[in-house]
Amino acid sequence: MKLSARNQLPGRVKAVNEGVVTAEVVIALDGGGELTAVITKKSVEELGLAAGKAVYAVVKSTEVMVAVD
Amino acid sequence: MKLSARNQLPGRVKAVNEGVVTAEVVIALDGGGELTAVITKKSVEELGLAAGKAVYAVVKSTEVMVAVD
Amino acid sequence: MKLSARNQLPGRVKAVNEGVVTAEVVIALDGGGELTAVITKKSVEELGLAAGKAVYAVVKSTEVMVAVD
Amino acid sequence: MKLSARNQLPGRVKAVNEGVVTAEVVIALDGGGELTAVITKKSVEELGLAAGKAVYAVVKSTEVMVAVD
Amino acid sequence: MKLSARNQLPGRVKAVNEGVVTAEVVIALDGGGELTAVITKKSVEELGLAAGKAVYAVVKSTEVMVAVD
Amino acid sequence: MKLSARNQLPGRVKAVNEGVVTAEVVIALDGGGELTAVITKKSVEELGLAAGKAVYAVVKSTEVMVAVD
């Protein structure tokens, strides 16, 4: 499957913190730095997400903001 | 200003492509890789975004998805 | 690629309306009804989107609202 | 109330899974297929959402992505 | 129609700036302050949005961030 | 830090309702009315959000919809 979302950064799951409905997935990016994703717990289970697993963090361009110091 | 959005990745503007209302800002991340942001043209002007400028790409955690191969 | 976004509805592109930065893609769902997506023009080009092409409309669950009459 | 969000698909609530803050609402679309919404638990209560209830799944166009096989 | 999105602030359209696909709608809130919405140009036309029109700015709770000085 | 998100409304935290992963923050706007934000519980802790604290509700323009009666 090829997706329109332009931002797909490779990394590895560093931690998964599960709630009742949602779960927080911390991704250590291959290039350094981290991204946190909040997705459904069902998706965590279906994708088999766990610490160490190779993943991509995916973000639609309209969801990215820009900040300057 | 300190923001609740957990994801703030440092980088530099690589390119700005302006439309009528929105603009596409390509950010070369310091850690490697790129992120594209679609923001308003007004914000591009107010922040003075142009190629080479140091910025942060900012994303709310609920907007990050996870993909596996 | 397997994506955490739970909502992936099959359909066909009905129309593409391109702006400078973004483009509007109208998708006729296989189950009936339509969905409109606003994505970057670059993604329209990279995915080769044009009327008649089989696609999926993909939506992250946190982006879906519910309404009642 | 008439809303700018272009995507409003009719269906019925199939299941509600409540967490502490958020809840997951699975909607069986009238045209076939399902959509999952993550909304606040308060909204589930205020709208009286429960299995069998007729609803609309509502999505802003800028939140819809497109995928191809 | 009653919507799950918890945030619905009353105001009046102050300005509409139309692009090709999207349009920027500036809303002067009844309580003071402004909100800018980027929606499709088609929605601007269908809702008959123009300066002076009474509207609501609507935002899903998962899209609101919090900042502190 | 200066952010591209155009909508930054001043107010005070009225209530915080914490779940496992996410938390609901109700903000009483200085101009009147309320906004509810769903953010991560970690951000609530890092920003020290509690009833009475002065904050800004921040929303990206592409996340704002418009409704008419």
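Some observations on this one:
Each chain carries a letter (A, B, C, D, E and F) given by its place in the written order, and its residues are counted from 1.
Throughout what follows, a contact is a pair of C-beta atoms (placed from the backbone, for glycine too) under 8 Å apart; a residue touches a chain by one contact, two chains touch by 3 or more.
These numbers come from a predicted model, not from an experiment.
Both copies, subunit D and subunit E, contribute mostly matching positions to the interface they share, with over half of the numbers common to the two.
Between subunit C and subunit D the CA-based rotation angle works out to 180°, given as a multiple of 5. On a Cα centroid basis, the chain most remote from subunit D in this structure is B. The mean-CA centres of subunit A and subunit B are about 17 angstrom from one another, to the nearest whole unit. Between the Cα centres of subunit A and subunit C there is a gap of 21 Å.
Here the CA centre of subunit D is 23 Å from the CA centre of subunit F. In subunit D, the positions touching at least two other chains are 1-6, 19-20, 22, 24, 36-40, 42-43, 47, 56, 58, 60-63, 65-69. All chain pairs that count as touching, in label order, are A-B, A-C, A-D, A-F, B-C, B-E, B-F, C-D, C-E, D-E, D-F, E-F.
The touching residues of subunit F, counted against subunit D in their complex, run 17-20, 22-24, 36, 38, 62-63, 65-69.
By the touch rule above, subunit F contacts subunit B in their complex via residues 1-6, 37-40, 42-44, 46-47, 56, 58, 60-62.
Residues of subunit A touching subunit B in their complex: 3, 5-10, 24-25, 27, 29-39, 43, 47-49, 53-69.
The touching residues of subunit C, when paired with subunit B in their complex, are 1-5, 19-22, 40, 42, 60, 62.
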